[in-house]
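A, B, C, D, E and F label the chains in the order they appear, each numbered from 1.
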Amino acid sequence: MTNPLLPPLPDLMLEPILRAALLEDLGLAGDITTSAVIAPNQHVRAEFRARQPGTIAGLDAARLTFALLDPKSHFEIFAPDASTVQSGALIATITGPASTVLNGERVALNILSHLSGIATATQELVRAVAHTKAKICCTRKTLPGLRALQKYAVRAGGGANHRYRLDDAILIKDNHLALAGGVKTALTAARQRAGHLVKIELEVDTLQQLQDAIAVGGADAYLLDNMTPAQLKDAVTLIDGRAIAEASGGITPKTAPAIAASGVDILSLGWLTHTVQALDIGLDITPA
Amino acid sequence: MTNPLLPPLPDLMLEPILRAALLEDLGLAGDITTSAVIAPNQHVRAEFRARQPGTIAGLDAARLTFALLDPKSHFEIFAPDASTVQSGALIATITGPASTVLNGERVALNILSHLSGIATATQELVRAVAHTKAKICCTRKTLPGLRALQKYAVRAGGGANHRYRLDDAILIKDNHLALAGGVKTALTAARQRAGHLVKIELEVDTLQQLQDAIAVGGADAYLLDNMTPAQLKDAVTLIDGRAIAEASGGITPKTAPAIAASGVDILSLGWLTHTVQALDIGLDITPA
Amino acid sequence: MTNPLLPPLPDLMLEPILRAALLEDLGLAGDITTSAVIAPNQHVRAEFRARQPGTIAGLDAARLTFALLDPKSHFEIFAPDASTVQSGALIATITGPASTVLNGERVALNILSHLSGIATATQELVRAVAHTKAKICCTRKTLPGLRALQKYAVRAGGGANHRYRLDDAILIKDNHLALAGGVKTALTAARQRAGHLVKIELEVDTLQQLQDAIAVGGADAYLLDNMTPAQLKDAVTLIDGRAIAEASGGITPKTAPAIAASGVDILSLGWLTHTVQALDIGLDITPA
Amino acid sequence: MTNPLLPPLPDLMLEPILRAALLEDLGLAGDITTSAVIAPNQHVRAEFRARQPGTIAGLDAARLTFALLDPKSHFEIFAPDASTVQSGALIATITGPASTVLNGERVALNILSHLSGIATATQELVRAVAHTKAKICCTRKTLPGLRALQKYAVRAGGGANHRYRLDDAILIKDNHLALAGGVKTALTAARQRAGHLVKIELEVDTLQQLQDAIAVGGADAYLLDNMTPAQLKDAVTLIDGRAIAEASGGITPKTAPAIAASGVDILSLGWLTHTVQALDIGLDITPA
Amino acid sequence: MTNPLLPPLPDLMLEPILRAALLEDLGLAGDITTSAVIAPNQHVRAEFRARQPGTIAGLDAARLTFALLDPKSHFEIFAPDASTVQSGALIATITGPASTVLNGERVALNILSHLSGIATATQELVRAVAHTKAKICCTRKTLPGLRALQKYAVRAGGGANHRYRLDDAILIKDNHLALAGGVKTALTAARQRAGHLVKIELEVDTLQQLQDAIAVGGADAYLLDNMTPAQLKDAVTLIDGRAIAEASGGITPKTAPAIAASGVDILSLGWLTHTVQALDIGLDITPA
Amino acid sequence: MTNPLLPPLPDLMLEPILRAALLEDLGLAGDITTSAVIAPNQHVRAEFRARQPGTIAGLDAARLTFALLDPKSHFEIFAPDASTVQSGALIATITGPASTVLNGERVALNILSHLSGIATATQELVRAVAHTKAKICCTRKTLPGLRALQKYAVRAGGGANHRYRLDDAILIKDNHLALAGGVKTALTAARQRAGHLVKIELEVDTLQQLQDAIAVGGADAYLLDNMTPAQLKDAVTLIDGRAIAEASGGITPKTAPAIAASGVDILSLGWLTHTVQALDIGLDITPA
């Protein structure tokens, strides 16, 4: 059931996060409620169901959560990552001992609803700009330890990813410009020192900065920060296809269509990953 | 500047999270932008400033982020955790080499704005119910690896914490009741097996369940799930001070006052930690 | 073969401890004796047998030790955790390559004999007070990294567990009282700040302290430290069923019956986990 | 205050054990008792005092426990590792914030009293055989993760260490002999394959086995298992100074003198590390 | 003494590697030779000296090795990273207790001589092509866990870095082409799916493949594999400055000048990091 | 297919190294080239083939690399560790999804070619001294974190291992002698303090030092440093079979035969592990 456009994160990457999350939740004595009130031989079937419409992300993490607790439990996927579901839809089932399901329930739901929340918000924006060529893109405004997962969820929602780290592209921002002595000096230095497989992006707040950049040979991409659609249009004209035009700064689902219509290639939004509305997903358990 | 009502998380607890977050962001080659465009001997002073009103949480994590990069950098706090600030307020400063400040900027901001977002939302709810005795409380709906920090942020916002883990209290929920054979059986089993320092809470959806519980001796606390203020009032009357009354289920800042006025002791809200609106905090860097 | 009264520790919790223990014992070159003197294709069957009577705990750790070395080795349990065996009894068998069995032998025996030693001592005390309602309980006087296992062993021996950590209950001890300004101040502060699912226990050395506590509303439990059976009886009378009465301080199998007969609910003993007499268990290997 | 005969374990080796132990005890919310009842600005001085006579081991671990919680706390040693103290003796002091001292108290005491218990038992045996040349030696019967510390404690008590791991010497035991086809085959194979800096020890239960070993060139050391003093004497005569003679099996302080008088070089005792009676050490805290 | 062209790896990145290396070397009992034969209060001064000419890399790792053993030891640098030294040159000194210096000696030398070996070989190649614009570049053929350090050493030798990981650039190699159905299909797919800050490089073995690539719009860089200088010249002509030309395949110091003279931008060599001749560096210790 | 003379390293030991290496190479976004250009359902068969003659080591690490990525992939060994192959020989095959094979390719090749390089160089030396009794032996000059693997590769090449760590044998080197006051003092101190299963080796540069050592009872082994074959012969005569004679210092395949012919037992060479020429091994992938 692999999605050709969304290669899964390897279990290798998920496993340390899930082991830590399970130990964080189980503590030293484990699930003392289940131990106290549920018969140890009770087997159950439980259904993950959406309680609101949305786009799903994180099922590999949910699957692995239960597999780490009990390799013999069985997880089946009905609405894979990147699929958009209605309220009430069956997403996945987990079958196994009641203790396995109840021990892993909260960890699985916490990750699944968080990542699905990111995918859902991304998907909403992707649709809002579908009439344009613009892509929706996240940033490095992610939560500690969760960057790979959060950026995966953006892809599950149909979005694209910006830099993963400080070391995979050069992005010269306002603070760098202030310290480096302006656009021309900074951009020239960056081009001299960048590796040959490293792209250079420059944040510009004004068209003048953009012109300065072009005057010294230009960057591979421009982060056009807090510009109006009209300013963006002018910037796009100046760039003229020789570099990527990326709009950023306070973009919302409402303002996105006009911004995208300016002709920019990318809309990047920090809040896709820093301000996440969890997708409401429930787990309904019945004796098996 | 220790707040008597908010003991800090020990650095010991923050350090592994911050080391991992820094390595996640620095990758293997580090901050190639700063290396390329900023002179290595450049020193800076940078100010953390609120860009919207809110309640602060996470300054120890921000401080330690920079200290791990450079023990000689200097972090000064102006608006400590739990303080509520206006837009534009100076929260803290970091002074040191430009590379230290720029290498740690994103990690520090990501955590600080996330935790301050939690504190701010909590504080809003605390104020909404300030005319009652009710406390605002979070749940286990936290992000993997961040539970201690997120629950600390709730306290910074004036809220209280529910269970930290599956092993520090018994909470019999609807799924347990379905599998255990009902309120009376489950509650009796729980009391027989609970440790002597472990409290027992029971989730009830109806007054009948509450009466069943009281009939077999009662729980230490009741999670009154998805009840109207009127139902909650009846529940509080039935409980009659012999146990904690906790309301949960779809509570918002708008509905909180009426719910709190029902006489419950606790309002618990999963979204305090699973649906966080990051507080907008910026870092303004100037040469030092 | 799951014991309803003794849910197993999840492998997830045991695995890091066992991996570290195996690497600690194998070093970098591994078991150079077995490599030098045993043919690599030799298969064996080995029996864990008690060399003295006792109560067993730790078989999941023993099983997982060998499974980590070789998933195809076969571990079979004959006397499960919590069972009491005579000298010579067969506890479990491990079948597999000689190198697997010999590589894991010491790690498995070290843990199994340590935990069985705890279970055995606990069981002896449980029997000593079986004519009363008192429970036998351990403390936080455990060895670094082994708390979950040691407390599990106490349960396997029929005992109960006190706090698992500093964060799951409030226990106001003599040092706190000295610094906080006495029973009334400390207890009042604790009640104001405790979470709603957190119990409060107070250590008292005298009946006066107990009366002071009751005068300000009382605690959920009292740790009656170093009292004689007569004093304990008076304390129980004062408490009058409104709180848990826990005796501690120098309790031995000899003194336990009289202490338990005082009417206290709990006898807690640090030495159950800090002064462990390993149960003598041997591993007898024969070619398979 | 470094003891020339007892080089300290590097902090590097202690730190991971202590960090894990502190996090195990602090949980996610930390020391909620101290937070609730002690003023945050309270400073204290606390004394570690022996409550029974014994030999001290583990002060570096105790020191580092507090340093990890607060680098500015001050730990002073009065009775260093390897010193033997009377009941009531001052061992060390810790000065700092009350929260630092109370947060680290249990972890520091658990390790210090465990290791001092090992040192004390070792020292008792060392004295019991002081009239002979025999050394007291521990085995690999240690607790998971604590081998370096427990073996250090044996040295602090005046004892010596056997193998640290399976990979630093060859020790052919009864199980190996059974699988390898007897003393001559096993010993010959071991000599052929042992590294040039690896010693070979052979466990023998009978004088015949010892003669067989000598007949094929002998081992570097013999583990004379469960022999009477008379048998040991005969074995020593047979060995005739060409190898180390080591007695093992059920040695107690009572039987040790006679065993040592047989002329063996080493008495090795598993129970020095697997059956530890913690030394009773208390921490008395006063406001500073 | 920071080199503007060679920003140091943060200690944060080095520390886990060095802690692991020290524990790997110290084992559980530590440096038993030094404990046995050197007085504990002996202080020393030791000099790192080159025993052959070369370029230095790894002094931060050497410094931190000793600092982790003893924060009060003093490390002074005389020939910083990236400097080229003659045989006999003083590189650095370490002053402190003899045990600190001897405990860390091997770990520090192992890393320093390995990284300096890489820097030296890189520098030799850089000089061999100094008459051209070509840069010397390493690959992902590094040793497990050491990639950041080995690539840093290449930079210290004056070289440049290729991809750090599979995730920071697209490099379509022969195996990909075979599976993807040829240059045109693969390159088109890569351009459709690459992030906007991700460069695409294509490995080509023939000029025909290069022409195919250009026909569908071209890549950002071409890896010209195993071509003769004449073929490379033709390839450079075809590329015509629109993309980076990178030569690879069996390049040696002897063949490098001719290859570089073909006009390519980059010479990449796997053996810079996979076949390292350690630089001979000694540590001479004298009492201090 | 276990080699009786070469017991495999347990997966337990390899797994942490391989997990870290895979995460180092995959980064956070994984293999973006394969994701972009290869169909997700493509299965392949890939052959590891030697591109030059050599001796193989590291196939367990290669196997486990792919198993960690996908437990269902199939790894088959054709030329096991310790076998010597011709150029072009098939070493092993891996069958599975293209993404599994391509994700693990570099990590598997990096380790396999490094360890095979060590085995190949060792084997060349073993053959060079095959006419003598001398063994070829490595040192502690290994790379951080890779000591167990590198020393295993030496064994795969037919060599032997010296100390694994500072704690498994005493080796008194020139620096120790300088600080300890000469051969007699150092050797006497070492013998007094060495554990009974610890051998003592002494580095000597001159025959006088050797005579001094013998005069005080001698060591178990002598490291004869930088001696000519003639000097070595004299040393061997002096030692007269009472201890191991080990030659070290600048030994090459050319000088090895004459050195070995001097009668020494051991030739030890640091460069076997510090200056490794990777064996050229390729992975040829075809659709399956």
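Here is the rule we use: a residue touches a chain if its C-beta (ideal position, glycine included) is under 8 Å from a C-beta of that chain, and two chains touch if they have at least 3 such contacts.
The shown structure was predicted, so the numbers you read here are calculated from the model rather than taken from an experiment.
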Task: Number of steps on the shortest touching-chain route linking chain C and chain E - done: 1
Task: Each chain counted as touching chain A and chain B at once - done: C, D, E, F
Open item on the list: Among B-D, A-B or C-E, which pair gives essentially the same interface as D-E, with more than half of the residue-number contact pairs in common?
Closed with: B-D
- [ ] Between B-D and D-F, flag the pair that has more C-beta pairs in contact.
- [x] D-F
Open item on the list: Using Cα averages as centroids, what's the distance between chain A and chain C in whole Å?
Closed with: 44
Open item on the list: Roughly how far is chain C from chain D, centre to centre by C-alpha average, rounded to an integer in Å?
Closed with: 22
- [ ] Return the residues of chain F touching two or more other chains; collapse runs of consecutive numbers into ranges.
- [x] 24, 26-30, 34-35, 103, 147, 161, 164-165, 167-168, 171, 193, 195, 198
- [ ] Pick one for the touching-chains graph, please: line, ring, star, complete, other.
- [x] complete
- [ ] Spell out the residues on chain C that touch chain A in their complex, using ranges where they run on.
- [x] 2-4, 7, 9-10, 12-13, 147-148, 151, 161, 164-165, 168
TODO: Name, in rising order, each residue of chain D that touches chain B in their complex.
DONE: 19, 22-23, 26-30, 34-35, 39-41, 68-69, 99, 103
- [ ] Would you mind writing out the residues of chain E in touch with chain C in their complex?
- [x] 24, 27-28
Open item on the list: Which residues of chain B touch chain C once you look at their complex with the stated criterion?
Closed with: 5, 135, 137, 160-164, 167-169, 171, 193, 195-199, 201, 220-221, 244, 246, 265-266
Open item on the list: Can you tell me which positions in chain D touch chain C when the two form their complex?
Closed with: 17-18, 20-21, 24-38, 42, 44, 98, 102-103, 105-107, 109-111, 113-114, 117, 140-147, 164-168, 170-173, 175-176, 178-180, 185-186, 189-190, 192-195, 198, 271, 274-278, 283-287
